[in-house]
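In what follows, subunit A forms one complex with subunit B and a second complex with subunit C.
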Partner chain A sequence: MKNYRYVARSTAIAARALGDETMVMSATDSTLFTLNEVASVIWAAADGVTPLDEIVAKKICTQFDIAPEVALKDAETLVEGLAGHGLLLLSDQPLVQPPSSRGEAL
Partner chain B sequence: MPGVTAVMQSSSVVVAIGGLPIRLRCDNPDFVRMIEERYAGFVSSSDSAGFDFEIELAPPGTLSRDEDVRVTWNSGRWLMERGDFRAEWNPSTARGHIRQTITPYSLDSVLRIVHTLLLAREGGFLLHASSAIRNGRAFLFSGVSGAGKTTMARLAPPDAALLTDEISYVTRREGRYVAVGTPFFGELARVGENLHAPIEALYLLAKGPENKIEPITGTDAVRGLLENILFFARDPEFVKLVFDTACDFAARVPVRRLTFVPNASVWELIV
Partner chain C sequence: MSSVSGLVVEMSAKALKLNIPLSVQLDLTYRCNERCIHCYLDHDDHGEMTTAEIKDLLDQMADAGVFYLTISGGEILMRKDFFEILEYARARTFCINLKTNGVLIREKEAQRLRELGVERIQISVYSHRPEVHDAITKMPGSFRQSIAAVRFLREQGLRVTMANVLMTQNASDYQSVKKLAEELDARFIIDPTITPMMDGDRSILSLNVDQAALQQVFRDGALVGDVEEFCAPPRGVDAEALDMLPCSAGHTACYVSPYGDVYPCVQFPLPSGNVRHTRFVDIWRDSPQLKEVRSITLREMPSCSKCTHGATCTRCPGLAYLEGNMRGPSSQDCEKSYARTGIPSENYKKRHASPQSTQSLKLVQIQGLQPAARDFSAKAQEASPVGA
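Take a look at the complex of A and B:
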């Protein structure tokens, strides 16, 4: 049983949408990830205040031919995997993003 | 005191790579002469410099290369460490200190790191790539060790000016990506020419049974580029800068796969 409802992009990442895909780089260990079209939609919608099941219902099931229960299960697998790499934050409460840690480094 | 002035002049040298002059001071004139010879073509005739590094030579045998590079940001300074050197650099004062062995390889590594940090802020980077200028345009040939960087440099025709066979210097000037010659060399053991030109294309190298060029776009282009950018600092702000630059570069400069037979015929495609 999952213990989260909200997903938010970490601030310790760099990301860029390129066509239908999204590249995400961990700013802590430089690991690079490429998200496919469906994962990119979830990534873009992970604002910390929209529940994951709502993202799936409104953004995935309306754009892609996939059953809601299957889509939600796949989405949970995805966000838990990305959270495991520190790219997403998961919470049972809405998430507010902290400001960037430092402005000038060089 | 003319004598003192003469000593001071003999213990420093300004090395300008990519137009960024860095003064290197050391109380060992033999080592300064070694630097002048190692970076021939990149030693500035002007005494002015944007950055100043004091080099302290460690006694032989006290440092070893058997460690990975670590670059960290701490209390307003960059710390750069490997077995054979320990350096720190304060960007706000433009001053730094290097403790290293007497070989030029340690200094070479420190300079590469410093330039990656400086370039990141300006939208540039150092790339594992050979590069050359032909017909006023620069071509980059990138890949891991053994991919063919030095081979491409060695096969370059007489009308191509070699910028480097190992580490390419990419910077932005007037809204364009430009390749600049560097003294950082690989197997060819030859300092690059101190020239620059707008980048026409980046080729990701692969050896194969025939010469062919295929376009690489989107995430594949960015990934191919990022895999070859020199990336020392595990600092979140730095990582974001480099990532954004790689995405921008891949959107503006053609990235292609160059499969090639290692003979001079491959350069017939590079025009």
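Take a look at the complex of A and C:
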């Protein structure tokens, strides 16, 4: 059972959209990741105040042909994986983003 | 799952396809607290961009897709607003590398750099011998201060590269500098090329190391890896090689000077626009100069396309431009190809058969953008048939 509802991009990253994908590098250990189109939508929407299930419902299920429960499960796997690398923060409370972590041209 | 280097190659290929400037070097200032004998810059301030102008440029670059940002100079910490600029750049989530001499980096600065999540800091170290390093920088005590900076940065867990530029003064020191880097847990890189000054003055080229020193470097397995492979004879030019692009300059990378001038690369000073007059992304997409650079493949190079080294040469188009023809050979790279393989290029043979030609090379003087833009088509037409 997941113990979080909100997701926010960490400030300890470098990131940029590249077409419909996103490059993300951990500032901690320089590991580079690329996010595909769907993951990039979640990344861009991870503002710390929009619940993950709302992101999936409004941003994923409306743009991609995927069942809501499957989309949410995949999204949870994604954000937990990215959180494991320190790229995303997960919380059961809204995470107020400092001014330095605004979304990037996504 | 792709390896990191595989991902970088993949992302670079995608950036090339989408015409995105993935990588930019931004020089904040040409002012410096050192006066290195081999430096290619004029250290006076001719009107640097203000803090506000640089922040606006960073916004424009982020929106254009720039991911890798190298902040360099001059000495970057000569700008009082350096940390304000760096903080702003990190807020726009650039992956940031810094180039500095480290003289102004102490514990407090190192700690701030760590807090801001800088990817890597490159510090120039010319010798393990303080007197040699300080004679090159013309700043007494600079060796001690630069090495102290490396220690402060490493104590913060930051990744540090010690860059060793080879010249006649320090040609025999690189192995000891490499050892010093290992002791300090820093990466070591070596650059055996002294380049002309940005204003076209080639007098500092006399500092370049000779063939024997180059050959020693290129046959040092600790530096180049597999020596046999690195120094293998050239394999000639095939059809695939003819369509090769020279390097990333102007293709996925460019350079912005402290005055807002955009060039394909810091080593390729072809004026291509100025961000004080034109938006960065418009220069990147529409500059006739950058379009010209992008149009040049090996096939378009009259001399290099026929050269046996064509497919494997490290030819720098910027150095070729500084010799007067961006489609021509870069004689310094001809020297390096010879040092690697022992096989001279035609250009190398020609230059060494008539040393006088070295002195009569046309100099490309840096000029304001407008005159350069007006002259560009004429220059291109003039330059092309000359070849090598």
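One rule holds in what follows: the second predicted complex is superposed on the first by the 97 of 106 C-alpha atoms of A that agree within 3 Å, B and C clash if a C-alpha of one lies under 4 Å from a C-alpha of the other, contacts with A are read in each partner's own complex, and residues count from 1 in each chain.
Keep in mind that, in the parts below, contacts are C-beta pairs under 8 Å (C-beta built on N, C-alpha and C of every residue); 3 or more make two chains touch, one makes a residue touch a chain.
Quantities reported herein were computed from a predicted structural model and do not represent experimental measurements.
Of the two partner chains, both subunit B and subunit C are touched by A:Glu21.
In the superposed three-chain model, the partner touching more residues of subunit A is C, compared with the other of subunit B and subunit C. In the superposed model, A:Ala67 lies in contact with neither subunit B nor subunit C. Contacts of A:Leu32 after superposition on the shared chain: both subunit B and subunit C are touched.
In the superposition on chain A, no contact is made by A:Val96 with either subunit B or subunit C.
Residue contacts after overlaying the shared chain place A:Ala12 against subunit B and subunit C alike.
Put simply, subunit A uses residues 12, 14, 16, 18-19, 21, 23, 25, 27-28, 30, 32, 34, 100-102, 105 to touch subunit B in one complex and subunit C in the other.
Those residues of subunit A that touch subunit C in the complex are listed here as 11-19, 21, 23, 25, 27-28, 30-34, 99-102, 104-105. By the touch rule above, subunit C contacts subunit A in their complex via residues 4, 7-8, 10-11, 14-15, 18, 20, 22, 62-63, 65-67, 87, 90-96, 117-119, 159.
Contact residues of subunit B toward subunit A in the complex are 73, 91, 117-118, 120-121, 218-219, 222-223, 226, 231, 234-240, 243-244, 247.
Residues of subunit A touching subunit B in their complex: 12, 14, 16, 18-19, 21, 23, 25-30, 32, 34, 100-102, 105-106.
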